[in-house]
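Written out below as structure tokens is the structure these notes cover.
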Amino acid sequence: MIAPLSSFEIEALTLSLRVASAALLGVIVPAAALGWVLARKRFAGKWLVEAMINLPLVLPPVVVGLVLLTVFGARGPVGRALEAMFGVTLAFHWTGAAVAAAVMALPLVVRPLRLAFEAIDPHLEQAAATLGAPPWQVFVRVSLPLAMPGLVSGALLGFARAFGEFGATITFAGAISGETQTLPVAIYIALQRAGGEGAAFRLAILSIVISVVALFVTEAINRRLLERRR
Amino acid sequence: MSGLDFRVRARRDDFELDVQVQAASSTLAIVGRSGAGKTTLLQALAGLAPRAEVRLAVDGRAVVDTATRLDPPAHARGVGYVFQDGRLFPHLSVGANVAFGARYAAAPMSTAEALALVDLAGFEDRRPRSLSGGEARRAALARALLPRPRLLLLDEPFTGLDDERRARLTGNLQRLRDETGVPLILVSHDARDVEQLTDHVVELRDGRVV
Amino acid sequence: AERPPLTVFAAASLSDALGEIGRAWEDETGQAVRFSFAASGSVARQIEAGAPADAVVLADRPWMDRLSDAGRIERDSRIDLLRNRLVVIARADAPDMGDPLSALAEGQGRVAIGDPDSVPAGAYAREWLQGRGLWETLQPRLATATDVRAVRTFVQRGEAPLGIVYRSDAEGTPDLRVLLEPPAAEQPDIVYPAALTPKGAAAARPFLEYLRGPRAGQIFRAHGFEPVAAP
Amino acid sequence: MIAPLSSFEIEALTLSLRVASAALLGVIVPAAALGWVLARKRFAGKWLVEAMINLPLVLPPVVVGLVLLTVFGARGPVGRALEAMFGVTLAFHWTGAAVAAAVMALPLVVRPLRLAFEAIDPHLEQAAATLGAPPWQVFVRVSLPLAMPGLVSGALLGFARAFGEFGATITFAGAISGETQTLPVAIYIALQRAGGEGAAFRLAILSIVISVVALFVTEAINRRLLERRR
Amino acid sequence: MSGLDFRVRARRDDFELDVQVQAASSTLAIVGRSGAGKTTLLQALAGLAPRAEVRLAVDGRAVVDTATRLDPPAHARGVGYVFQDGRLFPHLSVGANVAFGARYAAAPMSTAEALALVDLAGFEDRRPRSLSGGEARRAALARALLPRPRLLLLDEPFTGLDDERRARLTGNLQRLRDETGVPLILVSHDARDVEQLTDHVVELRDGRVV
């Protein structure tokens, strides 16, 4: 059990880290914007935006993968455009796994951010305005820093979900060893083999270790943020 | 032509404010009982009351006239505001709080200068939460002074301070006013401050001038 | 007196055929049958963990061997229920190619197959490709999937021009067509085993017999399976 | 597409609603307690508690299902005890599907609650204490109402996840029609069938409708909560 | 034996408080410059400063003595506290705020009674956010009065009020004190309040009595 990692395991691990990090990076800025808009604005299609964001949570991941395939696949409208314009292919590519993970993670990143923005005392933003800060600066210098705990929470949930995602990934990106075979996919595959329990167990432990590390990091950041305000 | 000239109409649910003031002086005190509408008035002038009707001219220059669409948002009015309830940014040090407006101002004071005006020299690195009530209020005053606004609104800036310090602060503010000629509107219940800092007193009751 | 319903755990690829057979059985006997479908590996683990099944049908032998070794099935009840065949599929609008795999080996694009290590259909596809001497060439161009459904989807959506699945998986999908069915000599020995659990040893025996009967055989065949004749 | 629902679809829908509601009900009180403890207390095993709560997010759902099967299954230690003592069987029973959904939803419910508790001004709790309220009363009358937006957010995320869960459910509870075949499981099985897309599509639409309803309800509650404070 | 007798030692990072007071009177004023430690002292007495060393006897009865483990938590001290910064519960109406302590008190006032004492009759259904600064402060005072605590700590309860209302409130409080004999400790900068409500004045500077 404490045997060194096989090259296959290392491959799955680094791929998973890459996929989850890319997903989180890609998702965090739009999520912050969405969280802010949902917390502060009222507009006609708000419920639709909310519904779109949360769909990946309600639908089985396999269905999300199918939708992605229909839209971003080689014959899908967006997929075709991406291919033609940038020569980018998502399906069977680690970037595709990252897109799937990002979509699945999005609702989990947006919610805590929205909650954090809603909790901000609007008086503080008013104070910033009377000091001359235009709205964008108020957002960057006051709202966003005050929403930091939400950002951290959202990032943790999002990273964890991206790291653990499996249903949408296999459907959209396949299970190609070294390219799209993330840790969870590898675990699933091992479990489908009679006698694959040992391998699955080792991979699961790897997942757990990563998640514990991510937790530690977030806890440390969180504690700092809270202490600053006390 | 020096002076303050404004008309403000604003509603907060049941409460209605309708105030017109024309003062030759550019330093003005607003007095009145608790709930008379003083804070509501200042908020409308600062651009923080979205549906208020406001006309404001400072020293003959029109700053706001919502009827003609001259309605700059709060951040573009150049109106400084010391809130009745502090409102320091909890995520920033005292120094960063005070320096907040520096980058939007044409000729801001230095942080040290502003802190000295309120007797808080050396408090730069303190966290807002660690301040006493009076210290926090003074830090908020310094923060509003630093950008040298073209009009300064002060909502009870000296409450909870001992007489000695109060006198020092009003003295500092008086000097600042005399040197820079910044117009100011002060809400206060203390006759001494009112007398020392302003030339014209307006009393509000139930949202009207009496 | 009404007999209590039977519970059958089975490989997911059988859901259509078994559903129909179940309804036929109910019509004939008045006894209800409930099914629980999942990947063969999952079904086998559930049986190991004490699932309340009366009978099991899996898509490959090793898992059934394991259940047998663990004593979770009635050994004497085990039968080979069905056979299946590999086919090469493409989209319905794909042009004919004489030998699609050779054409592919020279051209470009991917071949979708089940993951050979975990999906039975994938393992058989590898066996067949190795026999044809194409495995080495095609390996970098494989689109591996974790179940046959995904293989089918990849072909349907045009992600991979070709896929290798069981004939039963190609049946009933109008947007797919079978380009090639390898000759019997090249076909691997694909078997679906079935067995009774100790719980269902008595009660479910007639149903297992029924699965081997003419009515069930007809339905299985309609879905692309080949019933194994009773010895 | 607008044809009336078949009895099979209605069955899957009501089952899913029952499972998700039971999961949410079962999870909400422990989640509130955990959220509060994590926000307010420091103790030795805190990281372990955090790690346990978040595991279902990081591990592939199938693994979570297997763990549940091992522990709560008819042959598992807890499962055997439950059976012997209370005659309760979880595995392959709708209650088992609810347990699986609850476990998967837990991290999503705890996080927003924790965030909301952390955002409460401790001065308000102190004020309640000086008015004579013992800690439990402070929690019920001040902390919990102030954390309401977090509770609502957590409940939404949790319900959605519970409603959409599939990997852990199918592994732990099986896919027994009328008993454990929830909407997502039914969608999965429909997709396994050659030509099952149409059926899957109808079921997916059903899922989406439910999630939109859930969103509307939460939005309405949320708006009320926020307006009260303005 | 009537009177207030306490010793408090507390730290807030760099700031150290060490205060000993023995007063025959049971109404006491604490004065001192901003930052002298007045709020820190009240918090320790109320049980809100976890690591403070506190000994407190009211009218001869020991209420707190951290050295002997007589250290009831805040909710069990029967010490009422009007905070310097209001702290109304934002999720409750004004009426519910004021009535908050009723169920823990032996003989609480009615909500109407408490609101009348602070001139806020009819404000029951208002939201805290809709109150003016002075109204909020008065509501907080009513909330602390309602449970009839055995010791009342008042941290600048009258700031920001006009003279007339201030006089009315101190008058009400004076009557309450005379009727019920509730001991109180008042932090204030206003000589008039101090004189009217208390018999003994303690001045703090840098955390010590001077």
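For the reader, a short list of remarks on this structure follows.
Letters A, B, C, D and E mark the chains in the order given here, with residues in each chain numbered from 1 onward.
Convention: a residue touches a chain if its C-beta (ideal position, glycine included) is under 8 Å from a C-beta of that chain, and two chains touch if they have at least 3 such contacts.
In UniProt terms the chains read A, D = Molybdenum transport system permease; B, E = ATP-binding cassette domain-containing protein.
Since this is a predicted model, take the numbers as computed values, not measurements.
The set of chains in contact with chain B as well as chain C comprises A.
The largest tally of C-beta contacts between two chains is found for A-D. The centroid of the Cα atoms in chain D and the matching centroid in chain E are 45 Å apart. Per-chain CA centroids place chain A at a distance of 35 Å from chain C.
Our note on geometry: chain C versus chain E, Cα centroid distance of 79 Å, whole angstroms.
Residues of chain D found to touch two or more other chains are 62, 66, 188, 191. Shared interface positions of chain C, i.e. residues touching 2 or more other chains, are given as 42, 45. Shown for chain E are the residues that touch two or more other chains, namely 85. Every pair of chains that touch is listed here: A-B, A-C, A-D, B-E, C-D, D-E. Residues 62, 66, 69-70, 73-76, 79, 91-92, 170-171, 174-181, 188-189, 191-196 of chain D are the ones touching chain C in the complex. Of all residues in chain C, those touching chain A in their complex are 39-42, 44-45, 62-63, 65-66, 110, 112, 115, 117-119, 142-146, 150, 153-154, 157-159. Across the complex, chain D meets chain E through its residues 121, 123-124, 126-135, 137-138, 141-142, 145-146, 148, 228-230.
Per the touch definition, chain C reaches chain D in the complex via residues 7, 9, 12-13, 15-16, 34-38, 42, 45-46, 49-52, 147-149, 152, 168-174. Interface residues of chain B, counted against chain A in their complex, comprise 46-48, 73-81, 83, 85, 87, 89-91, 100-101, 104-105, 127, 129, 143-144, 147.
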